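There are structures below to look over.
In what follows, chain A forms one complex with chain B and a second complex with chain C.
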Partner chain A sequence: MTGTSEPILRLKNVRKAFGNLAAVDDINLSIGEGEFFTIVGPSGSGKTTLIRMLAGMERPTSGDILLRDKRINDTPANERPTCMVFQSLALFPHRTVGQNIEFALKIRNVDPATRAKRARELMQQLHLPADYYSKNVTLCSGGERQRVALARALAFDPQILFFDEPLSAIDYKLRKTLEKELKDIHRETGKTFVYITHSLEEAMVMSDRIGVMRRGKLIQVGSPNEIYSTPRSRFVSEFMGDVNVIPVESNGAGSVRSQTLGASFKVPPAAIESKAQCLVVRPEFLRFLNSPSDAQNSLKGVLYNEYALGSRIQYQVRVGEKVFLVEKLRQQPFKGKLDDEVLIGWDPENSILVADE
Partner chain B sequence: MSENNNSIRHILIGVWTAAVLLFVFIPSATIFLASMTSSRYFTFPISSFGFDWWSKVFNSLEVRALALTSLSIAATVTVIAVVLGFFGALAFARYDWKGRKLYQKFILLPIFFPQSVLGLALLLWFNALGLTLSWKTAVLAHLVWIAPVVTLVMAIQVYSFDPSLEEAATDLGASRWQTFREVTLPVLMPGIFSGSLFAFLLSWGNFPLSLYTTGADNTLPKYLYAKMVAGYTPGVPVLGTISTAAAAVLLFGGYAAMLFLTRKRNAAS
Partner chain C sequence: MIEKTSVLAQPGRRAALPIMVLLALGFVAPLLAVVGFSFMPARTFGLWHEPTLENYETIFSDNTYVSLFWSLGLASATVVLLALICYPVAYGLVRVFGRWSTVLTLLFTIPLVVSENIRLYGWVLFFIKGGVLPGTLRTLFGVEMGDFLFTPAAVLFGMVYVYLPFMLFPMTLGIAMVPNQMREAARDLGATRWQVFREVELPLSTPGLMIGSLLTFVLAVGAIAEAKVLGGQRIIPITHDIEIAFTYAQNWPLGAALAVLLMLVVSVLVLIVLRRFDLDQILGKR
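Moving on, here comes the complex of A and B:
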């Protein structure tokens, strides 16, 4: 599903500067036909500027944007066969649900009967009640408005659908539902989706591939699994939920040393790099040990606190000044109490060495 | 105890509200009463009630001419002020451009000029340009003061306008003109509506600017003032009452029409 299809959208050295500041800096990217591609980054990383260039609302300072090998840098938004779902949704407040969905068709002078038919099909596909057709859009709930916005964009029948963080203002439970619905719609329509969000968790659920942006640059592109299990930098590893990060220096021979902890750890030999590095271990790969020999790497600490995360329980263990997070499944037995001395450990193959940046 | 306090508070709020309403509406009520006399002069209490002066006013050709002049000025001012104010408000609140801050301050200056001084200044200016004074020069004078007010009233609506609505329309394939017609204009309609009400009412009731700039033409407020100074008849309060009532009808009628349209839109497409 990834990278094998023909590219529909290609970016070559795309750059956008506001004054001296490069909001988007030298981006090269190829997005495949039918792919669900998500760009993730913190606020200010340039992801909104990037998607606005792709949709035609901003013009790149330099570089090329190619849609099916045709350069579209200077094509205005209303002449591009693409469509965007806005962060604010930008539903027309003076129009009904039906009129909102039909907007693109009305602009194309499609006759009213055909327009209404298409709008009703889309409403059904997106689980909107049929009697909402003549309801004013401002009277709809948050989730319904999301669906209307998506229906309006789908009615346009775009070659690519862009999403500018449309779910960011939705509460957790509904957001989870809508994320799955959106992925279902992606399968049903087979269209190319380009989504931006600041939540890597959201990106994980939906995407075929993820691109992580930081300070205007695309720093890593890969499948959700690649981003999760083999981040290339400390930034990417920390972006995906809780991680334990230990600054280390190379010891040679499959081993690294931490100054602050005064300990050495074994790592997979292939992982050794030369520049400033961090050892990253995810909480679910750390476990409580009975004796130091139960794992190849171990540390002694104090159980400071515990957090129930539903099916898992996370523990905070302090090793000197350094805080470690350890996770276990709820049903796994564990007798430790707060302030107990505990042994924690992990296996070298469950740790990653990343650049300290 | 606290319930008792509460009821006292409610009574006091009621008394205060009634006092304010009384203060605001007694002058209008007094004028209405003054128009009901059948005698030549205004005495209080009124000795004999009658509608003689109402019929005299309604049958007076002079009053009809005056009303027509006032109406022509107010209508012309409304149309021009709304067009100027609409685009002025977009420049004021919607778009970011060099010099916007300065424009925002300068456009509001005429509102703070004392109107009688502004009227005199405009009179001198019209004379210097060699314009013959008439209701048309009054339109210009009114616009100097009213266009900024309308701009400000509409800018309030424009500030609450989400610019991504226009972007969304463009993104869905609409041209600039289609975006304007289908989105910008209808969404800003309430602002246009209140702007035109303001324009009409401010022009209709304006005295200090008209005093200097109408030349041979006469408006209702000017006529009323002249009659007050010399030659009072109960026709003055009659006209005052009619003028106030017309403004109220326009205001509430317009509001009701707006409400009706919104309801209709929400009920069915």
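Moving on, here comes the complex of A and C:
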């Protein structure tokens, strides 16, 4: 599923100001029916404010939020066919698992038998043991509480589910499991999911499309693959994890020059723009060379250190003051010794020129 | 001897010993003395007479128990009124008033610095015939105010006034303990403001209400000054009876029996309430 389907949610010039500070600044975005859309950004980027506006807990200062072409700016949260899973989960501690899940149905005056049936269905779908129905919710483990929160949000069959970093406080292994489960649930229900996280890794696993936020602005929107392979700015490329970033300036056709390294590099021809730029090379695309002719761009440096990253090994190579990271598969380690002089290089098609911002 | 040193071998026990001794002498001993006196013959002043139940008989054959009912009734009414008055105020302090909360909290706290009796006499000046309120009403509007001072209502007013902070502050804490996201989640799940209040805020803030109620009830049952000052001794609460028995009537055993009875009734009520409402469960700590 991608953003090509009918848009369910559209944002037009949405802005939210707190005093003089624009927490969310002029956002335009269209989220497709049934899409898993993730908004990624560091803390303070405005992503939580944005999702709170979408859920109806904040009102935009200006701009429009449209749900199936109907303006919902002023519709309060309880009247929107959407539901949010909070970072704290906000489960009701004075209620059992069953009562938590049935809350939205009770509010809507659904009769107790139908309510219980729906709750038990959801518990089964979310792998919660049936006898948890009357268990005090505070006695559940972290993962179980996640599932209860999700079941509670799904119970009244909302059209869109919002997630405000619900997995951020969960340990790594369980988080990985829950990420996959969430994607499965997305597939089974076919609902639109809008997810917020500060972890691009998490976003990559689950999303159909990702929007990267910075200082209240949406700076790039695309599929996980697009965000990964063609970031448009230094910020987005660095947000993806370890990358080698070299500030460069244009040097004529198909070539850029780095002042600090005192070297020129060949780049993909179409990429050059006039404004300040950076050359980005991912560590896995950097190679150790035997001679400078083995790659179109090469640099001489010193092997400073190496780090085992599970399936890969990362090498730190220093070229003058500048640190480069080179990654190799664990099965094919580099045979050099620390403090050896080494030659590293890459081919132009494996590098990207991005805006220096 | 060996036993004794081993009991005191733990540093915690050794450190707690002075407090234990102090509490035993200052709290348990007088209590035991009162209990002991309640079984002594009337108008005696020693603890070594033949034990008797005559004091308790006197309480129920006389109409002394009426003052017990006054005390319990007034205390219950005080708690109910305070709950009704304080919940909205506490709610406002936590959720609505914002920066003004601090100022209001101070205004609620400052009167506690002034002695209760002085504050009550202030109210006497306020309500007395030709006093601040009736005088103003008569001069400005020509309205004659009926008698309020020296009525049971005035006593109740005084108790509500005096014990208000003891209900308000636990309640404020109780309401502040309900996380904001909990309320937002309920609303997001479709609850109206009223439903959020009924389903989430009220049940989750009950611990504050419970603690406030227990505190004010126990204090109000022991109240004496309100009835004396604002009630003009029209009502005799049990505390007043106890005082009279110990002082003017010089009947310590009767006073002791009344005190024991009051303690029993209050402890039973408190235990019942604590059992009915498991605070830990409400707070989700089990």
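Quick note on the criterion: the second predicted complex is superposed on the first by the 356 of 357 C-alpha atoms of A that agree within 3 Å, B and C clash if a C-alpha of one lies under 4 Å from a C-alpha of the other, contacts with A are read in each partner's own complex, and residues count from 1 in each chain.
Criterion: a contact is a pair of C-beta atoms (placed from the backbone, for glycine too) under 8 Å apart; a residue touches a chain by one contact, two chains touch by 3 or more.
All values derive from a computational prediction rather than experimental measurement.
**Q** After lining both complexes up on chain A, report clash or fit for chain B versus chain C.
**A** With chain A aligned, chain B runs into chain C, so clash.
**Q** Considering only touches as defined above, state whether A:93 meets chain B (first), chain C (second), both or neither.
**A** It touches chain B and chain C both.
**Q** Which holds for A:134: it touches chain B only (first), chain C only (second), both, or neither?
**A** first
**Q** Quick one: classify A:78 as touching chain B (first), chain C (second), both or neither.
**A** In the superposition, A:78 touches chain B and chain C alike.
**Q** Report for A:45: first if it touches chain B alone, second if chain C alone, otherwise both or neither.
**A** Touch status of A:45: no partner.
**Q** Can you list the residues of chain A that meet both chain B and chain C?
**A** Correct list for chain A: 55-57, 76-78, 82-84, 86-88, 90, 92-94, 103-104, 106-108, 136, 139, 152-153, 156.
**Q** In their complex, what parts of chain B are in touch with chain A?
**A** Spelled out, the residues of chain B in touch with chain A are 162, 164-165, 167-175, 178, 182-183, 186-187, 189, 265-266, 268-269.
**Q** In the complex, go through chain A and note every residue touching chain C.
**A** 55-57, 76-78, 82-84, 86-88, 90, 92-94, 103-104, 106-108, 136-139, 152-153, 156
**Q** Of all residues in chain C, which touch chain A in the complex?
**A** Against chain A, chain C makes touches at 179, 181-182, 184-192, 195, 199-200, 203-204, 281-286.
**Q** Which residues, counting only chain A, touch chain B once they are in their complex?
**A** 55-57, 76-78, 82-84, 86-88, 90, 92-94, 96, 98-99, 103-104, 106-108, 133-136, 139, 152-153, 156
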